[in-house]
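There are two complexes below, and they share chain A, which is joined by chain B in the first and by chain C in the second.
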Partner chain A sequence: MTAVLRLSYLSLRTWLRERITLFWSLFFPVFVLVLLSAIFGGADEERYMRFHIGLVNLDREAEHADFSNMVEQAFAHLAEPKAEGREQLFVLNTPGEEEDPEAFLDRTREALRQGHLAAVVVIPAGFSETVGAALHGTAAFLQAEVKLLYNHGDSGSELAASIVEQVLADLNRQVLVQANLYERDQEVPASSSWVGTADGAVRYVDFLLPGVVLMAFLTNGLFGVPGSILYARDERILRRYWVTPFTVRKYLVAYSMATLAMCALQLALLWALGSGAFGARVPLAAPLPGLYLLLSAVTFLALGFIIASLSKTANAGMSIANILNMPMLFLSGIFFPVTGLPVALQVIVYANPVTYLVDGLRVSLDVGAGKLPPWSTVVVPLLWIAVAVAVAARKLQWDVDQ
Partner chain B sequence: MKQFAALTRSELTVFVRDRATFLVTFLFPLVFILIFGFIMGGEDVERVAVGIHIAEGADGEVLREVLSQRTGLEHQTFAAYHDLEKALQDREVDLGIGWDGDELSFLFDPAMVQRQGALSQLAAGVASDVNLRRQGLEEVLVAEREHVGRAAAANWFNMTVPAIIAFSILSAGVFAVSGHIAAMKERKILDRLIVTPMRPLLFLLAVMTVRLIVVYISTLITLFTAMGVFNVTFEVDWFRYTLLVAASTVGMMGFGALITLVVRRPSSAGNVANVLVIVMMFLSGIFFPVEIMPPFLQALSRVLPLTYMAAGLRHATGVIDMTGLRFFAITAALAALALVLIPALARYVVRPERR
Partner chain C sequence: MSKPREVLLRVTDLKKAYGHVQAVGGISFQAHRGSVFTILGPNGAGKTTTLEILEGIRVADSGEIELFGETARRVTEQMKQRMGVLLQEGSFEPYLRVHEVLKLFSSFFDHAVPVDEVLERVALKDKAGALVRTLSGGQKQRLAVGVALVNDPELVFLDEPTTGLDPQARRNLWSIFQELQEADKTLILTTHYMEEAEELSNHVCIMDHGTIIAEGSAEEMARGLGQDSIIEFEVPELDSSAASALSAAGLALEHDDGTAVLHAPELTKAMAGLLSWAEKHDVPLTNLSVRQPNLEDVFLSLTGRRLRE
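So, the complex of A and B:
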């Protein structure tokens, strides 16, 4: 047992001394967590959104331009820097005092076409008059149109257009309230909830953190086994063990313990960063999530052994791991949900053990609804472990001359 | 010329034999197109499936009317709230709405992070419309949308395919230097080559020639696969396309040279290149709008070469408009990056490695 513990400790120390291992096992998952949290941390709210939009009021010169000015002011208000650390929603481009609005409109339209602006709001001439007529019932079913220029297919422009529509919807209510037509106290309350969670909204970092932890474990398993055992075999380092009383079984136990220790280190680092820097609240150390994490680490280690068993050299093993890594990550729902796939890709999704483990882990952490039957999130990974043990027992070569 | 031809031949042989690089160059863009195409491209940002549940005894007519009048929105009614939850979990619907006669409740899927902003806006819009209708009012102000971009920019996929091609050029160019040449340096292969009459610049030209050929072929395969599998149409300006792909490839080799020159240890250069490539992938607006990111990341996005490469390729494939001046400025800037940094890399090739 002492020898096993000693080898396990030495393996871990060796990995921690290797820059490449430090990079992929520790730095890279941390980097992904920081990057995705920074990008999407505010995506579910308007905290970070900022759109460059154009606003042209062609009704400004009208005799009673109250309503067009109101629209203009509403957008100007949203373009002011907000209090409490919130950013402004719009950066407004409006014509200068002396500038011809029509010429400005042509210029902003071109800027939108070229992607320099996300949307352009055009208040047409006669707008205020139309609003007035609609409010006072002088014309039936009259609506005042605001032209919204946008770039279909550009997701930034689409989002900007949706937000502009929302601003106009708020203005609608404001205008109707002023005209004593709309009663705010008659509004129906609206609430939001998240499917599959017990207590309210799920923050993105809580959704992301378990996925990044599994990604880190997957990297250990897929690349670790071919990168360590096969290299040691190809360089004839393993052969030296086999002339000592140290057996393959003991070597495997030591190697597995070192891998689990590395996983624990990754978990501690990512959890500390996620909760300390980004406010993650997922209870990763609770019994059920802990068991899923352990099952994940063992499953990925087993996958690494399958790769090692089917590869003639360490380089071939690393190539197979490289090929499998991306589809396993992206066709599992680890970062984004996978929907609408053709049958061929669905087969990969359902054969992929990461799909089951990430589903089970997130349900156990209460950060999402399980898409799969709960039993499958345990049984399928266990089946993969069984297959790996069977394949490795038959195929894995422990010496170059075997 | 004979020397150049021999070096190019040998580089081509090395490239074809190097399975990992071969796969990265040809397979990864296709994997990206297929995976992201099916995961995200199939979801037209304007088409939303909404599931509704009307509680027993509540009148859901107003809600149904509001949903029917919204363009690009399909709705279906679920008899039980549990069924609505399940449909959302199974991603049969994108948004759930419950109405009990007194309160609207919107149900979201926490995993749909890439559409969260748009779905929240939709929910707010529906609530607003329901309130108006319940008080017997019509909207006074309405937004009339008008698409002003190119006709080819019909969906998310049109914007993304050229961007993925730009990303594959970035990877191939950067790793040709930070991976391939740095590895040759580390394995002391360059040390052996420099004692021959081979001129370092000629060697680099051979590497560039091979990369230009394979990257161009790879971009064509990606483009035609996207057109064939996803039925996307592009109006390609082949002159501009070819020019930009060539300038981007050598420009990114120049960028790789910069990394290799700054990060002295060859193996670390590969790691730094990996980090920079991934940073660019996420921050250049390829998959997600830059506008949802914090301001400092938006500012960073504007200085990344991939942002401009993607814009240039979108223009060359007829997806977005761009002035000729801007297009050629981007192309020239990328080519200049290569012209400045590749000669510096030639000195790196012959520089003895620190021990």
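So, the complex of A and C:
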């Protein structure tokens, strides 16, 4: 047992001394987590969606500015930090006390064009008056138009614009209700609710983190097994073991333990970073997610053994791993949904054990809908492990062939 | 002379074929405790296959191995506990440190010598903390010897231990092997260096094409060729009249790849004859040397080839 533990420990040490292993096993997953969190999750405090918009009230100086003030206040309210348990949706840019609104408008237009602002809301002069007149039936509502400027083609800007439109529609309705001009019966009943963690929305980092952890585990299995075992075989490092009382079985146990220890290290690092820097809250150490993580690590190790069994040399094994790595990652739903694909790609998706493991893991963490039957998320990976054991037992050469 | 020691290793009619190639064709030999038993032969003679069977890497097609008094078809784990092996092309994880390698291999055995002792024995104390990948060829080979010694083995297999090393590194290893022999270890050595066999062994067997073609101590075998001295000198080519004049002077000439070889039963007479012949035919006796027959000559006389062809 000492021999197994020692080999296991020393294997891990050698991996941590090799720059290439350090890069792919530790640095790269961290990089992916940081990059994707920064792009899609917003860094640090900004893990909720938040838009910078400009608000220009050209009607402020009017005698009865009731309606324009109402619009302005509605946006100001949405821009208050954590107002009434709601997350701050907008960061508002308004002209300073002394600033000319027209000059400010020019400035915000430019900021919008350059992408510093997501949208600009313009309340035209005479707005309150026109609305008032319209309510009394002496003018058309159409003449009282709040202008919305946004950047066409910029998805962030378009999204901000559609939210602003909704806010304006809501205001519209409130005004009409007040004036008794609104028929509630005409409203289509609708309600929305979040699916996911108890305290609200599923944050992107909580969705992403389990995926990145599996990606890191996959690297260990796919590249690690052919890379280190076949290398050691071809360099006659293994042969040196076989002329001692140390056996293949003991070696296998030691190697697997070292790989699992590496997985634990990756998990600890990614989890610490995900929760520390990006506020991830997924309970990765809970019993069920823990079992899925273990199953994943073992399944990927098994896949590595299949590759090693089918390759003549370490280099050939690494090439096979390279070919498999990308489709296994991207046709699994680790990073993006995999719906609407051509049939040929669907076949890969459903043969890919990663698809099942990531689905099972996300459901167990309550950050995914679960598109697959729950039993399949355990049975399919187990089948792959069985295939690996059968193939490796028949095909894997433990010594160089002369 | 000391009385004959116990037989530690006995091999009987060992055979191994790879496809149609008979690598080892029914060889038998025995090695006594405390001796250095050398298998000498050219590349492809079957030396390494023989050793790999004895080390437990390969299984013989037929034949019997008796090790430490036990007979077996293949080497057992219990036997491995008492053996040390230096593989011909074995290596170690490049990112392990020297002392880690030794500790790792120590943990494979029931009984092991302290790592410091091994480091001392193979003169790697100052390299204990170095990564394997930073070692020189000679240092790597000393580490390999150290690994073969971690379990204080009774029997040590050394498969071409000095191939590819510079003369200094080779001498360093030889002195380690001599110390082992003094410590009553039994060494089974393969080599294609005649000097190595002569320097280290008590018993040499010469192998060619999978069979043993001669066996005995180095001196015994050389003596078997007679008491003739051997005179050599370099000469690109000899015209036939010069060659026949030499034979007429009673000197049997062999011309071997630019070197003229003369077997001289009486050295004084032969030298006198040679010198007058050389003067007459204007032959510069480049690199003239006189020596006693060695294992190379034994091999040459048995096979008509040189060892390193």
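Assume the second predicted complex is superposed on the first by the 243 of 402 C-alpha atoms of A that agree within 3 Å, B and C clash if a C-alpha of one lies under 4 Å from a C-alpha of the other, contacts with A are read in each partner's own complex, and residues count from 1 in each chain.
In the analysis below, a contact is a pair of C-beta atoms (placed from the backbone, for glycine too) under 8 Å apart; a residue touches a chain by one contact, two chains touch by 3 or more.
It should be emphasised that the depicted structure is a prediction, and the values quoted were computed from it without experimental measurement.
Of the two partner chains placed by superposition, only chain C is touched by A:Leu7; chain B is not. In the superposed model, A:Arg240 makes contact with chain C only, not with chain B. Within the superposed three-chain model, A:Asp399 lies in touch with chain C and out of touch with chain B [touch as defined at top]. Looking at the shared chain after the overlay, A:Glu98 reaches neither chain B nor chain C. Those residues of chain C whose C-beta lies close enough to touch chain A in the complex are 18, 55-57, 77, 80-81, 83, 85, 87, 89-93, 95-96, 100, 103-105, 107-110, 131, 147, 151. Interface residues of chain A facing chain B in the complex, by the touch rule stated above, are 19-20, 23, 28, 31-32, 35-36, 38-46, 48-51, 71, 87, 109-110, 112-115, 118, 120, 131, 134-135, 141, 143-166, 168-173, 175-176, 181-183, 186-197, 201-202, 204, 207, 318-319, 322-323, 326-327, 330-331, 333, 336-342, 345, 367-371.
On the side of chain A, the complex with chain C involves touching residues 2-3, 6-7, 10-11, 13-14, 17-18, 232, 235-237, 239-247, 399, 402.
Residues 19-20, 23-24, 27-28, 31, 34-36, 38-40, 42-43, 45-46, 85, 88-91, 96, 102-114, 116-118, 120-125, 127-132, 134-135, 137-150, 153-156, 158-159, 267-268, 271, 274-275, 278-279, 282-283, 285, 288-295, 297-298, 311, 319-323, 326 of chain B touch chain A in their complex.
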